[in-house]
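What follows is a set of structures for review.
Heads up, the next two complexes both have chain A, just with different partners, chain B and then chain C.
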Partner chain A sequence: MRLTLAQREALWAFVFLAVPLAFFLYFRILPAFQALWLSLYEWHADPAQRRFVGLEHYVRLLEDPLLRRALWNTLLYTLLGVPGQIVLGLIIALLLQRTPLGRDLFRAIYFAPYVTPAVAVAWVWSWMLSPHFGLVNELLALLGIPPQPFLQSPSQALPTVTWVVVWQNLGFQVVLFLAGLESIPRQYYEAARIDGAEGWKLFRHITWPLLNPVLVFSVVIGTIGYLQLFTQVVNLNFTDQGGPLNSTLTLALYIYQLAFLRFQLGYAAAVTVLLFALILLITLVQLRLLTRRVEV
Partner chain B sequence: MKRALVLLFLLFSIALAQNITITYWQYEFRSKVEAINELIRRFEAQNPGIKVVHQTFPYDAFQQKVAAAIPAGQGPDVVNLYYGWAPTWVKAGYLVPLPDDWIQRLDRDFVAMAQAAKVGGKLYGVPTAVRSLALFYNKDLFRQAGIATPPKTWEEFIGIGQKLTVKQGGRFAQIGYGIAPDGQDHHLVREVLVRQFGGKPYSDDGKRVLYQNEAGLKALSFYTDWVRKHEIGVPGFFPGNNGYRDGFIAGRIAMIVDGSFAIGTIQQGARFNFGVAELPLERAGGRKANFGSFWMHGLTPLATGPKREAALKFLAFITSEETQRYWLEKVGELPASKNLIRDPKLSLHPIYGPFVLSLAYAKATPFVDEAAQRKVMVDAINRVLLQGMDPAQSLRIAAEEEQRILDQFWR
Partner chain C sequence: MKSQARLTSFLVLFLLLLGSGVMVLPFLWMLLTSFKPFPELFALRFFPQEPTLENYRVVLRETGFLRWFGNSILVASLTTLSVLFFDSLAGYTLARLRFTGKNLIFILILSTLMVPTEMLVIPWYVMSAEKGWINTYWGLLFPGLITAFGVFLMRQFFATLPQDLFDAGRMDGLSEFGVFWRIGLPLVRPALAALGIFTFLGNWNAFLWPLIVVQTPEMRTLPVGIALFSGEAGTAWNLIMAASSLAVLPVLLVFFFFQRQIIEGVVLTGVKG
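The block that comes next holds the complex of A and B.
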């Protein structure tokens, strides 16, 4: 059998793709399905002694108050964090794009938190937010505002953690938007200016629609990130993880605690399946709602 | 040629049979790692033919590694674990019971709290060392305030705490007591205060929560009043893991309740004179109580056949009185043997002494799901401290939550 050049090229492409694909299937896809299977069993170190419990763990999901709390918190994190980092990221990117001077320097400064280890970030912020020694409360005191408990308050802890995560992700968001802004052809703006458009109109009718692909990407990636939030939450309250009073508990942290601190791997797997379904659903909805074809 | 090969094969098999390799796992803590390395060297010298591989992991990753490695058949034969984890590990099949003669040895030679290594009447581990709680106090701050001795009763404790608390505006610059619900204080309420006030946290079989009564309520109210009424401390004064200990080391906290495991860190860090005292009592001559805990060495299902015999030998070696003596010197942890803690050199020691004296009456909480039960008590305290909930209501919620955890385990 003789192959055409195109067929041969395609064949080679598949050969090269096969290695990462096999890796991906074995280390990503397969474990995902194993989790599904695991969630139907009572965990035991010896596979022969794993007892089939059917949907028992899924029934437990329905009546688990901690799970409900973790789910609610996770949604709150996402609803606060994703818009937060996108709005701030866009504002900073637009400002940076206008400053010809030192743009690279500022970009590096904004990006620095993103490459700082989350543990270090958590450590520094927990000191800055301390009610008794922290810089933030020092500043509030100058404004005549009484010291705030921030991370130690069951009502303030979640927004505070969200802020730290937003602060950390901001640099990445800024870089994404800067790249998006650079890719918008100058001519569109020039043409619009000739037609008399200025300021807000330029943004509303050119920048915003043409940033759509970056925006969709940011929303989807950001949402997935917040739905899997773990490291910052753990490190911002290390000895009472998810506390105070479960106010910062996330789904990912709850899964970790169930599986590795309480050895309930079967039930933990069921929560994992729930998280997987949630991420899949939300991502599909977002892709559908947000992606628009833009005609200029 | 063929015969030579057979001979070679035979020799090889004999060599293999005599060389048994077992694996020991613990979390990373420098002095413990060094001590175990030295003990392995001595053990291998005494037991030619047994080789011990020592592997360590960061504390945060330790249980995770165990959870994954043992089902994969790659994990330890002998493993170091916190006693409170044993029931969950046993239920999930990560530990196997020790032979019956070990039960007799434990009952005869080890301090009472070591009984907590039993789950359902079977023994799942033996400790080298044990820990208890005591009051650490900053002698320099005490002297500056004209206080000569550490508090004997909680009333004195509150008085001293108030003297040594410095508040400026709404913020504290120094506190009398390093309040830490998620440090050691959840133990303090559960095992110390409840008992001192005449109660008992659990039934003798550990299956029922008993602190939902007058003694329990008094314990929780009394403890939370240190913050709410007497203002001798504030939670989260120093941020970070073990902030209460950091604050004490920084000289900003006058007193903390901490375990004997903290001695080393505090000795190394503190730039002032500090003292250690037995925990204060409800009143002079009142009932004594303390929380005891320990890390123990257990056997996993991977130790089978000749490996099991070797593992048991190693287990006996690292829990022997000789090792316990070495451990005290090298790691600074109190020996688990009844015999050794009777040594007056230990009980009169200015720093170890109060801990050693407490071992005689210390009780280890019969945890079945340590992570969950710890949280129950931390939350019970925090509902009062952070949300202003009535202690009675908070205690009722805690008792219900914890009873559910116990029922789920024992069903």
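The block that comes next holds the complex of A and C.
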């Protein structure tokens, strides 16, 4: 049998895609449905003792005070962290654009934490923020500020963890904004100056609207990251993960604890379905609200 | 006017230096602490009074640190090679070959980007338990071997190339795989470099899945090893900081050598992705 050229091409396409397609079906799509299926069962290592419970776990979601706490904390991290790293990132990018010297060196310094292992970074900050012998409190003492409990205080722990994450993500934001700023044609500014615009007005009417694509990307990627916060929370307070008093507990950490410390895999799967729905919903709303056409 | 511009420059530099201090100080403090003997931790001096390498000796000799380091190198390298090969092959096929069902397959692959890892780790764990993958290298490796983001990225890059190049390759008698390998791949080298760097870093730093799948000390990856070692070390911050330094310094060293390429890679993937 002779194949036509088009048939030959299609045949090769399926040969090339066979392994990737099998991978995605077996390790991504199938497990996603398995998570849904698991959430309807009371899990047991012995398949004979797994019990179908229907939507029971979803009813339990509504009444679980720890889940409510984890959900609230996760939203709080996102609301503090995303605007925090975007504002700081934009300020630093604008400064870098104007610096008379050392631009590449500064950019590398700000970016360095982004490539270092989050686990190691969290332990370094945990030591820096130690209430009694931590460097941060020593520096505060020089300024006459009394020592702070930071990670050991239920009210300060969450903002402190957020700070560590912002510190680590900042360089990524800076580099994105810097690339965005450089892609704005100089002529726009020159034309606006001829029309008499200065300083804040240039920023408000040229820089900000033209940075919109970078901003949308940063908000969406940043939000997805904060909604899945896990590594820093675990390592910053390793002996009391999610503490003190569950004040730093996140959805991802709660899922981990439910599934792998308490072996309630069915209920944990229901929480992952909630997380999935949350990420999907927030991302869609953000894309809807933030994306706008820029006409120049 | 001129003096005002000079003042602005000065202010910009001052603020950037201040910010750099905040970025560098934790690394500096990590290094300084790692050279201090235990009692000096609480002596409130910035520099070590009697600097020692003892902490490094303890970490390197009395823990599985080198093994964890090797495990991380192995897992991150194999994953990266697999991602580079399969993601570019799939990206190439979806961008350049004509066949029915192409869009459906592309959408299917892209849709997996929406599913958070947290949702997958529980089924992965159940699957690994059934198949005996817990605490094995395959268990550590399998979730990352092909990535939807990489397929998407490579497809975007292959889509921008002119068709003539590929047709010429076919005229010269190259096989379909030869066209991809000899003509396609060399033209998307910057994208491959960026994807490779990010895949390696992502796997080098990965924590959640290794923490779940690893059960014995000798199978730990570096992040899991550091976390569990530090958890046991209690207030021996000098040891914890020595271990952290050993994990952080190689990455920082590689970063400062290739910082231009790495940062351009971020921009490339950020803009295209």
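Quick notes on this structure:
As a convention for this text, the second predicted complex is superposed on the first by the 265 of 296 C-alpha atoms of A that agree within 3 Å, B and C clash if a C-alpha of one lies under 4 Å from a C-alpha of the other, contacts with A are read in each partner's own complex, and residues count from 1 in each chain.
By definition in this document, contacts are C-beta pairs under 8 Å (C-beta built on N, C-alpha and C of every residue); 3 or more make two chains touch, one makes a residue touch a chain.
Bear in mind that the values here come from a model prediction, so they are computed numbers and not experimental data.
In the model built by aligning both structures on chain A, chain B clashes with chain C.
Using the contact criterion defined above for the overlaid structures, shared-chain residue A:Q152 touches chain B, although it does not reach chain C. Of the two partner chains, chain C is the only one touched by A:A35; chain B is not.
By the document's definition of touching, of the two partners only chain B reaches A:Q49; chain C does not.
When the two structures are aligned on the shared chain, A:L62 is found in touch with neither chain B nor chain C.
Looking at the superposition, the partner that touches the larger set of chain A residues, chain B or chain C, turns out to be C.
Shared-chain residue A:F238: touches chain B and chain C both.
Contacts of A:L142 after superposition: neither chain B nor chain C is touched.
Applying the stated contact rule after C-alpha superposition, one finds that A:L265 touches each of chain B and chain C. In the superposition on chain A, contact of A:P131 is made with chain B only, not with chain C.
In the superposition on chain A, contact of A:I255 is made with chain C only, not with chain B.
In the three-chain superposition, chain C clashes with chain B only at 58-66, the remaining stretches of 58-66, 112-120 or 310-318 being clear.
Residue overlap on chain A between its contacts with chain B in one complex and with chain C in the other: 45, 123, 127, 130, 133, 238-239, 259-260, 265. Contact residues on chain B toward chain A in their complex (touch as defined above): 63-64, 67, 70-71, 88-89, 91-94, 169-173, 180-183, 234-242, 301, 369, 371-372, 375, 378-379, 382-383, 386-387. Residues 6, 8-10, 12-14, 16-17, 19-21, 23-24, 27-32, 34-35, 38, 45, 92, 95-96, 98-102, 104, 106-113, 115-121, 123-125, 127-128, 130, 133, 135, 138, 167, 170-172, 175-176, 179, 214, 217, 224, 227-228, 230-231, 234-235, 238-239, 251-252, 255-256, 259-260, 265, 268-269, 272-273, 275-276, 279-280, 283 of chain A are the ones that touch chain C when the two sit in their complex.
Considering their complex, residues 8-9, 12-13, 15-16, 19-20, 22-27, 29-30, 33, 41-42, 44, 86-87, 89-90, 92-94, 97-100, 102, 105, 108-109, 111-112, 114-127, 129, 142-143, 145-146, 148, 151, 176-177, 180, 201, 204-205, 207-208, 211-212, 222-224, 226-227, 230-231, 237, 240-241, 243-244, 247-248, 251-252, 255-256, 259-260, 262-263, 266-267, 270-271 of chain C touch chain A. The residues of chain A lying in touch with chain B in their complex are 43-47, 49, 123, 126-127, 129-133, 137, 141, 146-147, 149, 151-154, 238-240, 243-246, 257, 259-263, 265.
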